[in-house]
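In the two assemblies presented below, chain A is common to both, partnered first by chain B and then by chain C.
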Partner chain A sequence: MAIEVAKGTQQDLEENHSGIGVFLLHCLKNRFVLYTLSIIGFLLIWYAIAVLRILGNFMPRPLEVVNQLGIMMVDPLAGRTLPLHLWASLQRVFIGFLLSVLIGVPLGLLMALSRPINSIVKPVFDLFKPMPPISWISLAILWFGIGETSKVFIIIIGAIVPCVINSFNGIRLVDPELYDVIRMLGGNRRQEIWEVTFPAAFPAIFAGIQISLSVAWTCVLAAELVGAREGMGFIIILGMNLSRPAMIIGGMVVIALTAWVLSLSVGQLEKWVCPWKREIH
Partner chain B sequence: MAEVLRKNVSPFLKILPYLSIASFFVGWQLLVDLDIVPNVLLATPTQVLRLFIDKLTNENPDGAVLLVHVWTSLQEALLGYILALAVGIPLGLLMGWFVVAEGLARPLFEMIRPIPPVAWIPLAIFWFGIGLSGKVFIIWASGIVPCVINSFVGVRMTNPTLIQMARTYGASDWQIFRQICIPSALPMVFGALQIALAASWTTLVAAELIAADTGLGFLITMGRRLLMPDMIVLGMLLVGLTGFAIGILIDRVERRLLAGIRR
Partner chain C sequence: MTKRKIVCEGISKIFMQKGTQRVHVLDTIGLAVDENELVVILGPGQSGKTTLLRIIAGLETPSTGRVLLDGKEVTGPGPDRGLVFQRYTLFPWETVMGNVVLGPKLRNMPKKARRELAAYYINLVGLEGFENAYPHQLSGGMKQRVGIARAYANNPQVMLLDEPFGQLDAQTRYYMEKETIRIWETEKRTVLFVTNNIDEAIYLGDRIITLEGKLPGRVKSTYTVNLPRPREHTDAAFLELRQKITEETQLLL
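Coming up: the complex of A and B.
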């Protein structure tokens, strides 16, 4: 914050000189002016690329994208309108995400609390960890076909990893002094786990859940890109196959917005569920 | 405390990890050999090993030997990755210190950030085709996000006392940026190297699954099309191993470069 103060005084000094040039310079130091400039510039460049056909016919105008989005909202595409496609993807994400939290978090906790379980599960887990979840898609399609099961399977493979790792590390990294305190106060093993381990590890676990939600969203898109009949990934790959760039970019806009809303709502949930988390600035 | 715990570990607990890995592979082999899972759906470890040795020299049935696949994937991944570092890190550093850079780049960056990297694949293939440039663009788009975030945060976390001191001694904005902010951001920047690598590698595999004619992702797809589960598993293992190997390499480089800075 001291940076801000330092810059502030510098700006004050410049303000003492009057004149329109200085005023403009001052505007250039204002964040919001710059933000607006940046967005306008971005749209202008986009428009220029589209109108001058620098990328050939492959670049739609910004308005075309908005138009296409409007059309997709009401006109069914492959039997569904855009909100229904989004819902299809979200449904898969939620099922896969919930299952991986339900399996992954207890697994990570058990691994951290019991050495035998850790020595059994950890080596196998480490064997699978470096394989990107997306590389499982082919196997999943071979096993389960291109239906719901294979998508949910991919999501679980991807989303379970951060759950397990963060639950495991969250417990391992609990401040040892906290244990000393509860032992001094005469707590038994059960109290240790319930009163110290879980609350202290919770922020880390929740961070893992947050990561796994965004991984789940990526995985579902990848799975739908490779083989699906509905969903957001299907929309953008359809746009590619039909050579309709407006459809691809429109789909990407919806995907980005959804990802943003998802991460925002998990952030809110965290504030509500675990208010004792210390903020790091 | 860790030392004490390690001494008390029984010999059984020590061999348990090896036992676990061994029983995993034996179980996998038996699962197929005893026909619990049909061989069409899953290959045994021995089949995968045999295919691995065979594919080292044999171009059939997917048109390239194994090393060509690995080399194609590595080439695409590293090229995109280096470009992402070359653009992302300076951009993030500048955004962290200069108001103008932040003001101009931040809104664009915030627009791009929530897009999952795999969502770029159709657009990239559409614009650049399924060759090298399309892949490089996708990897660039997925690798640049962590680079920018980490460099930005790294500069922002610079100790304000140092900056004030430099100002007191009359250092210019540029001097402070070069001599204080960048060195203090370096550990964060190096953190980005690993994150960006993981992101690039995952995205590359996805891109190759969808459109490619060589590469490890392509190998996996061909395995599915030809109904050769051993090829799928081989592709997956190689993806995992290669990613793991590059990760270790970068970790080494990072340690060498940061020898005097961290801790």
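Coming up: the complex of A and C.
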């Protein structure tokens, strides 16, 4: 009798054990659990590096960064709080980005639609295209000073390239049979352009605009690192000059979050303007 | 006497490839299609069928010879001919309605009238209830129905179909052939249907024109299909004709 009871408990234990095992395995397959593990792991490694001083004295702990962010939200740096610095950068990005789209997209479209225009613009464009926008910073400052103009100039130099390239390729890569459809239905050249060229090229143009926006964000930071009295790039350079790494990392976090929100909202905008596009999971 | 609708006179086509290589695709093709007749051009792959159809459509110019439509020479594409393409060439950014309404829209038909017209043809091809679906939400057979409705809605005198069911599975293909006959009997048009499928040819055609099996494409022979519709693939006369065409053209099945 006693033996049987013992056997029973043993079995129960085993079943319990395998139950937990299955549960754990199930957790490991759940991607949200894994996401959480990944973030926690990252923060722990960061914390360890900071506490063990692997990178010397200039590695703040994660909480110090959060604190620093909290301080910057209320205490002005060089006359501005963090949201105002962010706004200064965003303003530059929006102006530069808008100008890039307004110049770059029509330029790419014209190049794709007209061979003479393409032949005139392409050699010069190809010459300038591979130059990193950052290499223009020194010239921009000599030409325009360290004011807004030089920053917007740098942004345009960088952000106009994807607009031109994607608009051009978007039109060049339109399925030629779609033009046959319009021609068979009795459409003229103007109708071909309005009914086929633009809508068919639209997703590619939009993708170019998306890339442009992220390039613009990169460029504004680079421009602000070199010479600015406000903006996110300024905060980062100030952090370096004051030897306050928490300020630098805090700035980087805000920059990353902003870039993420920007690309998310452009993605949302795309869903709204191109409802026919399949979603890629 | 029935009227000659399409006449091809001595059509040859030579493509230049890479600037130097000459590809002789069609060699002195002559054929005629009567009004409201359903003629099938049957030939294996690489026999120049699609090129011939594109020349009749006006999308390609023949190297020699000419195409006459109602006695007038074809010089380019036009709304008097409706073309259903081999690939589903639907506009992905337009709904079913947007695709079908395209032809009338290009001719500036008022919005209400063209939508009613398109709705009629969407119903005719059996896509009621899918007016607002985008092409990527449709199956292959449904996409090709949209292609047919789009061509019909432009009210062409001649329908040109270029292997329209080549991408469909056997069952859907068979069903679409039945639908083609139903639509054609509802809305009689002169139809030129290109295919590489011998069963499809016999099932559909009033007349079958076979092309030779290698380039350059030449007309091999013509068969009149005197079978009542709807036709049965297992009918003795059907099989007999099938046997005859197979033997004479050595088409691989």
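As a working rule, the second predicted complex is superposed on the first by the 253 of 281 C-alpha atoms of A that agree within 3 Å, B and C clash if a C-alpha of one lies under 4 Å from a C-alpha of the other, contacts with A are read in each partner's own complex, and residues count from 1 in each chain.
As a working rule, a contact is a pair of C-beta atoms (placed from the backbone, for glycine too) under 8 Å apart; a residue touches a chain by one contact, two chains touch by 3 or more.
Just so it is clear, the model here is predicted, and its values are computed rather than measured.
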| item | value |
| --- | --- |
| Contacts of A:Thr149 with chain B and chain C, given as first, second, both or neither | neither |
| Chain B versus chain C as contact partner of A:Val226, first or second or both or neither | first |
| Most chain A residues touched (candidates chain B, chain C) | B |
| Partner chain(s) touched by A:Asp180 [first = chain B, second = chain C, both, neither] | second |
| Touching partner for A:Ser265 - first (chain B), second (chain C), both, neither | neither |
| Touched partner set for A:Cys274, first chain B, second chain C, both or neither | second |
| First, second, both or neither for A:Lys29, with chain B first and chain C second | first |
| Chain B versus chain C as contact partner of A:Glu195, first or second or both or neither | second |
| Set of chain A residues, in rising order, touched by both chain B and chain C | none |
| Interface residues, chain A side, partner chain C - complex | 175, 177-178, 180-187, 191, 195-196, 199-200, 202, 274-276, 278 |
| Chain A contact footprint on chain B (complex, rising order) | 1, 9, 13, 16-18, 20-21, 24, 41, 99-100, 102-108, 111, 114-123, 125-127, 160-161, 163-164, 167, 201-202, 205-206, 209-210, 217, 220-221, 223-224, 227, 229, 232-233, 235-237, 239-241, 243-244, 247 |
| Residues of chain C defined as touching chain A within the complex | 57, 59, 76-79, 81-83, 85, 87, 89, 91-94, 102-103, 106-107, 134-136, 150-151, 154 |
| Complex contact set, residues of chain A against chain B | 1-3, 6-7, 28-31, 33-35, 37-39, 41-42, 55, 58-59, 115-116, 119-124, 127-128, 130-139, 141-143, 176, 214, 217-218, 221-222, 225-226, 233, 236-237, 239-240, 243, 245, 248-249, 251-252, 255-257, 259-260, 263 |
